[in-house]
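Structures are listed in the sections that come next.
You will see two complexes here that share chain A, one where it goes with chain B and one where it goes with chain C.
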Partner chain A sequence: MYKSNNALKATVIALLLSGCATQSPTISSGNVEYGDSKAVETLTNEFGSTDLQSIAESMASSLLQSPALFEKKRPLVTVAEVKNKTSEYIDTKSITDSIRTKIVKSGMVRFAVDTSAMQTQVDELTRQNQTGLYKKSKSKKMGNMEGADFRIEGTITSIVKRAGDVKDVYYKFSLQLVDNESGTMEWADEKEIRKTSNKSMF
Partner chain B sequence: MPLFTRPTSLALPILLTITLSGCSVMRSYDNELKQTVDLVGQGQIDQALTQHEANNTGGDFDLLYYLEKGELLRLKSQYKDSAGAWLLADQKVNEWENEAKVRAGAILENVGAVLLNDKTRRYDGHDYEKVMLSTRLALDHLSAGDWNAARTEIKKTHEREAIIAEINAKDTEALEKESKEKGITTTFKDLNGYPVETLNSAEVTTLKNGYQSAFSHYLAGFVYEALNEQGLASPGYRQAIELQPNIKILEDGLATLESRPSLRKPNETDVLFVVESGAAPALSSVTIPVPVIVSNLGVIPISFPVLHSDPSHTLQPSTVGIDGKDTLPLAGVTSLDTMSKRALRDDMPGIIVRGVLRAAAKAMSQKALMDQGGGAAIAGIALNIANVITESADERTWRTLPATISIARMTLPSGKHDIAIGSSKQSIDIQGSHAIVVTRLLGNQVYWSQPAFGPQMPVYTAPSAIEPAKNIDGSAIKKSPAKPKKKKAKKPVQQAQG
Partner chain C sequence: MHLFKIIPLVVTLLLLSACATHKPPPRPGSIHAKVEQLSEMSYLQVTDLRAVKRNHLLTVQAEINNTDSDNQQLYYRFKWLDAAGFTVGGEEAWKPVLIYAYQKQTLTAVAPSPQVTDFRLVVQSPDNTGELP
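Moving on, here comes the complex of A and B:
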């Protein structure tokens, strides 16, 4: 009985140890940590990750409630430009990419390549059709690209004010959905963000 | 501050610091680089490089070594080697950034510099040099045809500017506090005999700061535009205007940003001409007696840096000639001569505070040794001699940078063009939708760069500009997905509105 108890203990310990061994090893100098990518960031009052995420979140959920997107089954949408009218280097494409990803995941709409991806699209079609490397019957034909039903476009503006040690930044992100054929605006929304920083707080 | 509690205990550290840092203290950077710049001005780049290597031996090279080396290699059109040197400089700036973020506000904690002089501090580069490093690295990548690598450097430029702004704000605050505590009220305007006018001219004081340049931001706008990222191009052009208002080419950069892609035909190239002239100003040392209020030490001579403009810095060409028929006006958008003066003006409060504290420490330790008599007095005399020898301001500054940068922009038919700047002419092959032609004028030399093939992406931004797809042999394919619309004929050479 005593022996079998020991054997049981040894088995449990071995199992525990082997359990530990299956975990991925960690190499660390102790100076680098992974953080929560969704954590609220208030390091400075310049445009940051939290602003990007909150704009993308609110715009995507608002757009998905637009009646225009329900009238046609899985309409084709393209992302036009979001004009950056601030003096900050804000990557507006990164914002629209996030919005697009959220909308695509809903499965309600399809997206056509936008102008920034057009070069790659044309290159691919050219490669399949004109290099002589592909079977004619298997290559994707030129001239079959589909035009988008709607386009998403918008602007981001900011008002920056300083008084003494206080810096106040107001961002306004406007987005609209335009019917490409009729030119009518089918949906629009705005997201406002205000950030105030005080030097004496640091 | 413990610095003034036991004066004699400072004598040994001072003498030791002098001994250990002998090379950097005694070295005259001004003399070394004057010769190097003169050689470049005479077209002797190889000799300039050889001399630069001879001046820097020992293997543990500092930031300045790589900054100057990168510039010399760039003038030799060795863009990849130049980028290699500058990327090593960039690593050193990154180290500074990481340390500075932690250290910000502790501006006076570098004991070596307080005891001896600013020359003993590790050379971290002036702020405008750190920003220009990224801009010039971007130019290297553009000259080598790597627009995406240039984009990375451009992005780094504005991230670096943000870090510098943050650190400067904290340092200024700490300095003000320290000056108040020590009762140091001297400003550079009080330095009797200092050429105050060099730091007090209208062009220096009207600059927004000493590290942001209109050229860097315009270049950012141009690169983002070429890569079809208008959302990032517009703040580039906008910031350039904010930094240098009322310059037409900068204003046009933003005003016609949206219309430019549709105006340019597929076989045309939007060309940015960048003309760099002269060399950045030299720093030399001037010694001025300053009343030291700390511990009532009376009037003590302290050394301060003085900027001397390159005599040719005002000689900028006013036009670029195109194919012997068009003359394009050049607009001066950035003066590194002025920026360096502004940077020194902003650095002066720190230099004065460190100078006064250093002078007080030295005077007190020397007095204490002399008072003891005997062997200590001899040490006191030795310390006095050492103080006189070592008391000179930091002359280190990136000298091979240009003094001024002018730009012009024009849309030209892609292909070879005869470009003329002053009496120098060069046949330049311009390809792609966007290209940058950089020319450097120094001494009696003109250094031309041949642009590498530029990006083609923006062709698809404008429906009217879509080129019909072509077969491999260049002939038009029969069924084109998008036929180009017939457009009203334009002049073959058309000046861009921006």
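Moving on, here comes the complex of A and C:
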């Protein structure tokens, strides 16, 4: 009687415990976990995700307030080169892609294909018009591309200083909007970032 | 002797009643209604919030006051909402700001789209009380 009572208690506890433990839909070795992609990253003081995100947000919001873009109804813009003048490798295309995405999502500006995507655009038009595979009435015509009203171009520079265990990095991202017809600069802005690291233990 | 038994009970009851006090919900339109603190900040306060539509885009300016004699770190981001209360433009990145001792720092942000009609300022300071605001 005593033994069967204990067995019953053990079964109830096991059932309760199994009821509490919920299974996550994961397969994991325990060493990998997903983090917040928007978190402030300070692992090293090289150019990082937080720098890219803050530059993109700052530049996109400033550009959307530019009178040049606001006065024209949904102007056509293209992205020219952002020159990397820092001492480290930075994918500037990734920065301009983020800026472009934010601006496009606002619905206030349209973007024309930039120079890096031009070959793909030409190939697509050639395929539709010159391979004989498409109906004439359904293919997109050659010679109807629109020229951009403005182009965005810029530079990223850095100043790196070391003193003992302290390393200071200053980034300056400059962006400008140029009217393609008149060649006038219609808007410009800068985003500055300072990161300091200290290697000393004390 | 009987009194000595009652005193701890009274003290415990007073402490429990102090813990159980609930703050009234913030008034609509007040700063507290627009600010989401991830925990009560010990030294930083949002002292002013202004919002205005410029070029169809909601522009927000917030003033953060550091009441401490040490520099304080603040992490913040904005949530942008449309007229129906849905978030617009996805999640913003967290942004770090250093606020010097006794400084009043101004943060400015522009909504990502003309659809935005409302906002929330989400703030977190590493130096916090650990309690919900």
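Please note the rule applied: the second predicted complex is superposed on the first by the 176 of 202 C-alpha atoms of A that agree within 3 Å, B and C clash if a C-alpha of one lies under 4 Å from a C-alpha of the other, contacts with A are read in each partner's own complex, and residues count from 1 in each chain.
Criterion: a residue touches a chain if its C-beta (ideal position, glycine included) is under 8 Å from a C-beta of that chain, and two chains touch if they have at least 3 such contacts.
A quick note: this is a predicted structure, and the numbers were derived from the prediction, not measured.
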- Item | Contacts of A:Gln65 with chain B and chain C, given as first, second, both or neither | second
- Item | Touch count on chain A, higher of chain B and chain C | B
- Message: For A:Thr126 in the superposed arrangement: first (chain B), second (chain C), both or neither?
- Response: first
- Message: Is A:Arg110 touching anything from chain B or chain C once the two structures are fitted on A? First, second, both or neither.
- Response: neither
- So, A:Glu57: does it touch chain B (first), chain C (second), both, or neither? second
- Task: Quick one: which bits of chain C touch chain A in the complex? Just the residue numbers, please.
- Result: 54-57, 59, 75, 77, 89, 91-96, 109-114
- Within their complex, chain A touches chain C through residues 36, 38-40, 49-50, 53-54, 57, 60-62, 64-65, 67, 70, 102, 105-108
- Task: Spell out the residues on chain B that touch chain A in their complex, using ranges where they run on.
- Result: 155, 158, 162, 166, 169-170, 173, 220, 228-232, 234-236, 238-239, 242, 456-457, 459-461, 469, 471-472, 477, 479-481
- Touching chain B in the complex, chain A uses residues 44, 46, 81-93, 115-116, 118-119, 122, 125-126, 130-132, 142-143, 145, 199, 202
